[in-house]
Amino acid sequence: MSTEILNKIDKILIANRGEIALRVMKTCKEMGIKSVTIYTETEKSYPHSYLSDESFSLGMGPLSETYLNHEKIIEIAKVSGAKAIHPGYGFLSENSVFAKKVTDAGLIFIGPTPHSMEIMGDKKTSKVEMEKIKIPLIPGYHGDDQSESVLKAAAIDIGFPVLVKASAGGGGKGMRIVWKEEEFIEALASAKREALNSFGNDIVLIEKFIQNPRHIEVQVMSDTHGNHLHFFERECSIQRRHQKVVEETPSKALDDKLRKSICETAVAISSGINYKGAGTVEFIMDADGKFFFLEMNTRLQVEHPITEMVTNSDLVRLQILVAAGLELPMKQQEISQNGHAIEVRIYSEDPDNNFMPAIGKIGHVGTPTLNNVRLDSGYVDGNEVTIDFDPMLAKLICWGVDRDSAISKTLHSLNEVKFLGVTTNRDYLKRIVNTTPFREGDTFTHFIDTYSDLLKPVETTDLEIAAGIASFLTNSQTEDTTKSETVQAWNRLQGFRNI
Amino acid sequence: MSTEILNKIDKILIANRGEIALRVMKTCKEMGIKSVTIYTETEKSYPHSYLSDESFSLGMGPLSETYLNHEKIIEIAKVSGAKAIHPGYGFLSENSVFAKKVTDAGLIFIGPTPHSMEIMGDKKTSKVEMEKIKIPLIPGYHGDDQSESVLKAAAIDIGFPVLVKASAGGGGKGMRIVWKEEEFIEALASAKREALNSFGNDIVLIEKFIQNPRHIEVQVMSDTHGNHLHFFERECSIQRRHQKVVEETPSKALDDKLRKSICETAVAISSGINYKGAGTVEFIMDADGKFFFLEMNTRLQVEHPITEMVTNSDLVRLQILVAAGLELPMKQQEISQNGHAIEVRIYSEDPDNNFMPAIGKIGHVGTPTLNNVRLDSGYVDGNEVTIDFDPMLAKLICWGVDRDSAISKTLHSLNEVKFLGVTTNRDYLKRIVNTTPFREGDTFTHFIDTYSDLLKPVETTDLEIAAGIASFLTNSQTEDTTKSETVQAWNRLQGFRNI
Amino acid sequence: MKKKLIINSKEVEIDLSLNRDGKVEFTFNGKQYSFSNRKVDSVSQYISGDLNALVSSFENNFIVDGREMTIESPLRSRSKSNASSGGHMQSPMPGKILQVLVKVGDVVKEGDSLIVMEAMKMEHTIKANADGTISAIHFSEGQQCAGGVDLVDLSQEEA
Amino acid sequence: MKKKLIINSKEVEIDLSLNRDGKVEFTFNGKQYSFSNRKVDSVSQYISGDLNALVSSFENNFIVDGREMTIESPLRSRSKSNASSGGHMQSPMPGKILQVLVKVGDVVKEGDSLIVMEAMKMEHTIKANADGTISAIHFSEGQQCAGGVDLVDLSQEEA
């Protein structure tokens, strides 16, 4: 198979940055495919700019002139001799116009067809399509009439609480929950403003808001030979600011029957629209196990590694095989869930101050030591965290034989993967996975609001502070001596924890 | 299960050092079991001495007073409240006297019964036992009469080439191949001398020497409820000085039928002697697929991680479960081989100067970046490599979807896992796995001698040296400026690889 | 020897009795502590004694077995003393002012929303950190602002 | 500017024309090279230009994309000049002399075994590094020896 692939795709341009650029690069290295990366002039010290086989500067400027610049990226691909473009997630990954330009330039776009992207790219169009193939949908208003009065009437008709969502949106931007009629107008204005800023489009839709819902999504992968596979579910209920922070698979909320039903629904969608490549079908599930189609992401998902660990597969590799026109090298019945995996997203932010993003210089990135633990990060020692890009520093993914073991490994590894010098949510993530509700699987999308009392910071003890002071004092002590003398001094130390 | 385990074993003393102590510690951390380690006064900067929950000094002195001191180790276990002792490999791991003392002290020995260790600990006794249960053995002389003339006559009778081996031996010490009758006496003297030095016992045995043999071993695991499982084979044919340097699983030399036959033979042995815990049955296999019992190692093997990666299991966890008296949590038919794994052993030695061990200070240990790659090492930045212990620095274990992918990942990762400051065999290991014979699976125990021409160092090119010089020169350049100024200078650099 | 330190932005005093050869002894908050210290790598130390813990540090950032804290000497302090207090509401990071919800002279209560700004593509609401009267507003809607600058000043009633 | 370096224990001369702001240009072995340099971490740099490579270094130890080499300045050289040459066979590391296979006055050829020693629990054979006559033997059987000391001296015939 490897020669067959290399004949088609021997060099890939990765049209992204940070951890996902490094993630795609790893699979390229494993498959013997050369990788080409792009970077802006301010990113020369970030590893995605120098760990690839070749890298090209995008210059300086706003995103539209760099990572979103269709023409420049396609030109770099051609100059470098890349045969295909991997868009990662975000940026141009769900842009059908770009995908078409790539194909028109004689290059392979590693992703679905522009047509699939168009169907799924707009929440309204996608729901119309889903109704055709009888996929369950949440009651809602997806009309063209966007006048305040019509939207308000629709909200009253659906019944509060309702959700106001940007039609073109994602990632929680342009999204508001409205609990009471009298809050509707202000929330609508705020959502529309954020939508316009983020997506250049302020069309919104209104939906029944399901209380205590779980976010369950199914990973699908389709080739161009009629094989539509799924790689089981992920539960991503734990969210802050409507963005996922903790994801896991399998979901504790699914029994075998429900799992089969939701996964088969996802495959009904991917085969129904004749999908190609990797995609994620997102569902919202209520307490009774009723699930509704939410949206389909036509790209690799941030949280894809937990699926890789539990199904022992490499989704980027499969994306590349499919893009090269090959058949998927497994059958559905060969894919199984083994053990449990949890991903936590490490952000440079202060969870105890309304998740305010933080900036700074990373003095040191810690390394996880346990087996079957992955740290997907785009930062190395000395890198600056700036306001130019997303504040996600890394994803920590821990696999265990069972859920309890995955939780223990997550708690232990979060202590190890320090980002010295920057305020992060590491401690907060530990608090989340260590709560009784999380341990018991009582997870739903308002978990963080509901259990905010359990998530309060634990006061640092005097003893912990004293240990920090000891280190501070000996740090200043070592400043006065040379390094090697200090090491000898430690070696001379006698009686440490002797019996 | 976790409560059941913790009720029996909530704290383990690890009676070992280096990478294997850290390896056992990882599983303890994952299972919520406290770990206790031991160290000598010269080892305070090595991570096994401070990454455990508790650690105790063994003081100073020869091994008999430290890592081989039965009484001191058992005393530390009792003082610390450990419920069980994990011996790792080497040191006391196959010492039945120690195992018995541990049990007599009311502690659990994580390993087989002293009786199994005694049967398998002596090569002669074990072969007598194997004959009883009709396991195929190599033609040889295992007699008590150790006079030069009798041994020589036996060698002539078996037919040259023959192998002279220390009866109590292992790891290639006290072992000599004799190709011609006239070389026999000198080789015998040398083997006996080395045997006496290493094991305090110079009894040797003589065997038919099989040319171009493969070393195939089978991982077995048995519980105390009558379940005797195997975890498939490992091929460890690539050896230098009779010590394994490259191991892999599955073996290219086995087809399904042969694999079934050799694995079932191994289980016939473990069930035949009513074995308990983890063990490895070693076979030698000739070019026709005929295999002969070599020996059984009654402990965890150095190369166990490749089995863990391919069967997706944690052998240390299973050892602990069995030691606690629990049933193995899987059936034979649930264990399968998935993908391919290769382990290479990184030694501080100069392969281009007769594998002469090297010492020095490790300035920096590199980290592997690809997924499904493990570096099991007992060293951190700043540690000294001394002559006091084994020169193995680390084991690099790479898993790939197939053998070619595992080879690519090994080559790539060997570049990453530098041990700056110490001469290592990293480059040599790359040469081995990159040869055509290795890639084609033409592996046998004399691979390194046979293909020595293919394993010669490749001359460093002027261009590579020039890149080194560039780094040397800019290193001295940065010495004149402060660190932060230098970083800014790099950031100011324009036009790097611009298009 | 008495010594002042700033820990998590608060000044504390310790009484240091020993600090050499990797050993340190001091009194903090009325209790006596004694620790030994071994270097692990360029950022980490293993502290043993009253607590056995891995401590990593970079500049004034310390992590004790996963717990983060800042420790610095008053002479070299990098943290601004009491940022966003004393009636000055500061921007947490560079961004754009979207909405100014108050005007000079307004009486506000602690927690009232004053300004909505956008930073890192998300909206952040700047709230009053005390009761008081708005005495100055330094930016208007649509303006860019740097990080750590005063946005709104509040004159507090005397207690 | 001409500059001498010791690379893999051999002295070479380079002609350095530029070395500032992370750029370096020089002539080596008759060819002109030009590189830029970016720091990656405390031990690694990314070198680009005639070759794009990660270079790690610690003291005189350099690794260029996995290839190891030593580079040092003649003034600060740490490597012993031509260890075990000039007719001195040295012990590679501390150990114990097991067997002395020659005596003073013996004529030996390059590659002949002279001494068997044990170090790190393995036997090592020390061989003649040139043709010559044994002029001195510094240890006898059973003695411990340090690393890097002369074991046997050889007087070489004049060429």
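All chains are identified by letter, namely A, B, C and D, in their written order; residue positions are counted from 1 within each chain.
The rule we apply is simple: contacts are C-beta pairs under 8 Å (C-beta built on N, C-alpha and C of every residue); 3 or more make two chains touch, one makes a residue touch a chain.
These figures come from a predicted structure and were not determined experimentally.
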Exercise for the section: Between B-C and A-C, flag the pair that has more C-beta pairs in contact. Expected result: A-C
Fill in the blank from the handout: So, in whole Å, the Cα centroid of subunit C is separated from that of subunit D by 53
Exercise for the section: Please work out the Cα centroid separation of subunit A and subunit C, and write it as a whole number of Å. Expected result: 30
Handout entry: Inter-centroid spacing, subunit B versus subunit A (mean Cα positions, whole Å)
Key = 39
Fill in the blank from the handout: Where subunit C touches two or more other chains simultaneously, the residues are 38-39, 42, 48, 52
Handout entry: Multi-partner residues of subunit B (at least 2 other chains)
Key = 44-45, 54, 382, 487, 490, 493, 496-497
Handout entry: Graph class of chain-chain contacts, one of line, ring, star, complete, other
Key = other
Problem - Pairs of chains satisfying the touch condition - result: A-B, A-C, A-D, B-C, B-D
Practice task
Within their complex, state which residues of subunit C touch subunit B.
Solution key: 38-42, 46, 48, 52, 54
Fill in the blank from the handout: The subunit A residues in contact with subunit D across the complex are 44-45, 47, 50, 54, 380-382
Problem - Interfacial residue positions of subunit B with respect to subunit D in the complex - result: 173, 190, 193-194, 197-198, 241, 354, 356-359, 363-364, 366, 387, 390-391, 414-415, 418, 420-421, 423-424, 426-427, 430, 460, 462-478, 486-487, 489-490, 492-493, 496-497
Completion exercise
In their shared complex, subunit A is touched by residues of subunit B numbered 2, 22, 26, 29-32, 41-42, 44-45, 51, 54-57, 75-76, 79, 308, 312, 314, 317, 338-339, 367, 369-371, 374, 382, 400-401, 404-405, 408-409, 412, 487, 490-491, 493-499
Completion exercise
The subunit D residues in contact with subunit B across the complex are 5, 7-8, 14, 16, 19-24, 26, 28-29, 31, 33, 35-39, 42-43, 45, 47-53, 55-59, 61-69, 71, 73, 92-95, 98, 118-124, 147
